[in-house]
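Look for chain A in each of the two complexes below; its partner is chain B in the first and chain C in the second.
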Partner chain A sequence: MITLFMLVPIALAGYLSFTDWDGLTPNPQGVGWANYSRLLHDADVGHAAVVTLIVTVVGTIACNAAGLGLALLLNRTSRLTAVLRAVVFYPYVIGPIIIGFLWSAILGANGAIAHLLGNAGHSPLPFLSDPAWAVGSIVAVVVWSQFGVNVVLYLAGLQTVPASLHEAAHIDGAGRWQTFRSVTWPLLAPSVTVNLVLVLVGLLRVYEIVLALTGGGPAGRTNTFAFLILSESFRSNHLGYGAAQAITLMVVIAALALGLTALRRRAEDAVSS
Partner chain B sequence: MRLFKTVLLTLAALVMLIPGYLLVVNAFKGQDDILRSPFGIPFGRLTLEHLNAALSNPDFSLVRAYVVTALFALAVNVLSLAVSAPAAYVIARGTRLRHRALLGLFLLGLFIPSQVLVIPVIYVLKYLGLMGTVGGFLLYETTLTLPVSMFLYVAYIKTLPRELDEAARMDGAGPIVTFWRVILPLMRPAVATAVVLHTIGVWTDFVNPQIILGPGSSLYTVTTSVYAAIGRYSTDFTVVYPNLLMAVAPVLVFFVFLQRNIVSGLTAGATKG
Partner chain C sequence: MKKAKALVVTAAALLLTACSSSGGFQDTGDAGSASDAKLRLLVNVTPVLTKQFYEDLVKPYTDAHPGVTVSIEAPTAADVSATLQQQLAAGSPPDLVSGSLGRDTVPQLTALPEQQWVKDAPYAEQSRVGGAMWQAGSGNQVQSLVFYNKAAFAKAGITTVPKSLADLTAALVKLKGAGYVPTQTSGEWVTGAQVQMLGNVNVLNTAPDWFAQRNENKTSFAGSPWRQVLETYQGWVKQGLTPKDAMGLKYQDAIDQFLAGKSATFVMGGWFVPTADEAKKSFDVGVFAVPTLDGSPAPVAGNPSIPWSVTKSSKNQAAALDLLKFLVTDKDAVTKELKAEGNFRKGFDYEASALNKEVAAIVSGAPSTVVASNGQGDNSAPTGYNDEFNKLVQGLYLDQKPGTVLKSIDSWYTSNAK
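The block that comes next holds the complex of A and B.
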């Protein structure tokens, strides 16, 4: 099954990306590198790449900063911290499509936030209707929905830091910040790697939240790369072109994930040596 | 410091919980009440009318979608277990290079974005005559679960002592009987973890049912039926909020009872690699 639905498809995606397949005809015609050269000159693709880059970079940093910060605050076992952990984590089980719709009802023209602003005598803010605001809204909603997973993973990482080391640092007269800087942080290195790579790979394929929150709008200004692949190639039946975009995305994801892992490995080695 | 911490945690909890609060409260209100006071609870005018309407929508019956999605989740879990548990047993007990290569092959699947796969998978499914069918959807959805299953099962079986296998062989059991009567019953915790993760995965999946089953077929899962129901009425909050609430209610119940398993499953999946 892995062969049938993963390996064969990847090879096929490579093949289809050199064709003009429209999803209907059984025999696509080869078009050489045309799809790829079109991709390079396609303004929509360029814009989607920029949006994806913004969402990924800002989102990865924000998810990890918020995730680690909250994990440090919640790192002890009590009933309250267990409840709070569940509170930050619940969006994971709701799923991105529902989250997108919920936030679009909250941020939209007649939504709850517009109502609050109105009560304060402020005119509504264009959360979803202005391109720059909409990208910001997407980043915020993505971080809202995903950083709970990082909190959970960082908490698991913090469990592996032995309490005796903290006591030793305390006895040596280290303050909180110093203890974190020279004991906790280095020992968390593997956790940081896992979290960075997971968020990065996840954010590069953000699709459902965009679909439900802005629908790519206004006027395609919030298309992410994954959104472009799925929506545009199916709407216009240019699946060969979509395959070329998909292959490009896969190469970028693989390169970034491997690059980041290699970079982080040096940080991890610095601890163990 | 302590005050700062309390303020920070309270703020985080509020940011996480307010969307959930709006989701629940507004599902019981009329359009006027939602627009006039999205945060308020008009005790005199709470109504079940709109929830009922969402449940009994003649076009996209949510009750039917519950049943369909639950059956899909069940089928995917059974198929996934049937394929991956025996394979994981062979790989975990194998010592040869080909066993490790096989495991590597499965784990590769963890890093391939499903958007890259879906276009060529359509091609494969069309070729097999399974496009737009439940069988095709289940096969693909099951394949997507295999990397995580394999990963969890192989890691778990490796912790079971080999002496168990030898003892069974002494008693005259072949490898199949050993697996069925000795190993599989011991794998229960790992299976529980996988089932929880895959059930959430199937329940929240939107892209694959939407594309493979297609809006043309009359089979809707919870996510695709909510998408279809809301799509046309996204400014009518008496459609939006009740539909969203009914879509997440079952998973939230699931979450409250199985929170610990979900968290430990995620942690195991992400950190043992």
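The block that comes next holds the complex of A and C.
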């Protein structure tokens, strides 16, 4: 099954990345490393890489900070916290395309916030019309849609911290911050690793929200790497070049995920020892 | 170890199978029977051209041909072209396809017969690639119109419709003074499409085969009237004649703004007519042809409406061609197709709205017709041109100079032209 559903598609993408296939002709022609060489000099690829980097770095930090913060607040049992846990997780189960359209109706130049500001006598804010604001809007919407799962994972991690250690810290006179820093945080190391890797990999592949929220605009300034792969492959019929981009992204994701996991291993080892 | 080896061998075998199989890329499908076939139609679905519309469209044909069944398929990817691409790769292409298809799709299509009914179909002649016709339209879709708010024009003291782009700019300035957003645009595909509508009539009026010339590097965007068109458009942006937040608007927002009476003009194709007719509005909508740079009578830029092609790998070639003939020649079917989007075809009349009659008058009064958007057949731009053009033209809203934008378009075009 792994061969059929993972290795074959990857191998096929690898093969296509060395061709000029347009998706319509029956026999792709080999082009050697030309697609990879083009990728290195393509300004659109460079720009998409920068946008993806911003979304990934800022999004990963924000998702984890918000996820951990809320998990700490909701780490108690009451009806209210049960409801709040469901509420924060809810965006995660909505399809990203729906989320994109929903937020474009809120942030768009003709959207809900613009109307509210207009009624109050203010000019609308350029959430989606200014490139910098549009990238910021994408990051905010991505974080809103993703961090619910981080809350749940951090809550699960917090359940594994023995209450006796908190009690011992309390008896020793440790304050809340000290207890968190010296007891909770080190024991959350495995959860932190899982959350960081999951969010990182997810954000490097952000596509649907960009499609529905900005469509890559204005002027292609919010194109992420995944968005570029799809538009290059199916809008311009450059499936060979798109495959080269996809293989590159896959290698980057694998390298970053493995690197981050290796970096986190020391923190995790400290917990287990 | 043995298990690992087996996996590698299996993977290699599957890969080879995948690579050696050409999926739906067959040389030629079977002729099949014209009276007994199951036909699959991949169609362009829009708010007007719904799945139900197509089902109603083919019903008279299937009623008259009991052995033929037709299933309508909407695109499952970004558009018809991308869906066709996926279906070809998956080995299950449709029999007929309706939508905007690039030149690189031609190897997957059946050449239409050199018969009069094909030649008479709109834009069939223009669809020729390598001498053969590949696509037949049901009608002519006009793509070089300026819809305007008659009340706004009256309030701004504009008594005659603009004849040149300079006249139009002057009118837009007056409309701004009268308190309107002078001309409506938005992000998405709209920015590029509108600039193409302004440009094509001014570029192709003197060089109808301009895209063919550009494909052979005999001309360039930077060295053609595109420069004046883009300079004019950037002038509009700088003078605040387009919405300040245009790039944050979607196509539907642009329609809503115009029909709400907030903006005074809207450069758009003829498909906007049914929407404008059906909307509740407090003003009358008028229409005039996109003006030329020098004020000379403007040609009409058009595309085939609901164009049909037969896929080469269809196993029902005869039945597919017979249905295509019905769709582009049957009086009732063609009229239905024309009426749905407010399109035109000589000899096929229908009860038109006042606005549609104004468009018809523009078409009949135009000195010539030129291809719209990215062109047709040999006289067309490489696949991806519309998206790239749109992306680069949006740069005008980010203070890029027209010369820089045109240089980028030329650079993209040169590296993508085949």
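In the analysis below, the second predicted complex is superposed on the first by the 271 of 273 C-alpha atoms of A that agree within 3 Å, B and C clash if a C-alpha of one lies under 4 Å from a C-alpha of the other, contacts with A are read in each partner's own complex, and residues count from 1 in each chain.
We take it that contacts are C-beta pairs under 8 Å (C-beta built on N, C-alpha and C of every residue); 3 or more make two chains touch, one makes a residue touch a chain.
None of these values were measured; they are calculated from a predicted model.
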item: Fit-or-clash call for chain B and chain C when the two complexes are aligned on chain A; value: clash
item: Touching partner for A:N110 - first (chain B), second (chain C), both, neither; value: both
item: Superposed model, chain A: greater residue contact from chain B or chain C; value: B
item: Touched partner set for A:A243, first chain B, second chain C, both or neither; value: first
item: Partner chain(s) touched by A:P124 [first = chain B, second = chain C, both, neither]; value: second
item: Contacts of A:F234 with chain B and chain C, given as first, second, both or neither; value: both
item: Partner chain in contact with A:I97 - chain B first, chain C second, else both or neither; value: first
item: First, second, both or neither for A:A262, with chain B first and chain C second; value: neither
item: Which superposed partner A:G157 touches (first chain B, second chain C, both, neither); value: first
item: Touching partner for A:V88 - first (chain B), second (chain C), both, neither; value: first
item: First (chain B), second (chain C), both or neither touched by A:P218; value: second
item: Chain B and chain C footprints on chain A, overlapping residues; value: 2, 4, 7-8, 12, 23, 26, 104, 108-110, 234
item: Residue numbers on chain C that touch chain A, as the complex places them; value: 7, 10-11, 14-15, 18-19, 22, 25, 77-78, 81-82, 85, 88-89, 102, 104-105, 107-108, 187-188, 243, 245-250, 253, 256-257, 383-384, 387-388, 391-392, 394-395, 397-398, 400, 416
item: Residue numbers on chain B that touch chain A, as the complex places them; value: 5, 8-9, 12-13, 15-17, 19-20, 22-23, 26, 35, 37-39, 83, 105-106, 108-109, 111-124, 126, 139-140, 142-144, 146, 200, 203-207, 211, 223, 226-227, 230, 234-235, 237, 240-241, 244, 247-248, 251-252, 254-255, 259, 262-263, 266-267, 270-271, 273
item: Touch list for chain A against partner chain B, complex; value: 1-2, 4-10, 12-13, 16, 21, 23, 26, 70, 73-74, 84-98, 101-106, 108-112, 115-116, 144, 148-149, 152-153, 156-157, 190-191, 194, 198, 201, 204-205, 207-208, 212, 226, 229-230, 233-234, 239, 242-243, 246-247, 249-250, 253-254, 257
item: Chain C-facing residues of chain A, complex; value: 2-4, 7-8, 11-12, 15, 22-27, 104, 107-110, 114, 124, 126-131, 214-221, 231, 234-238
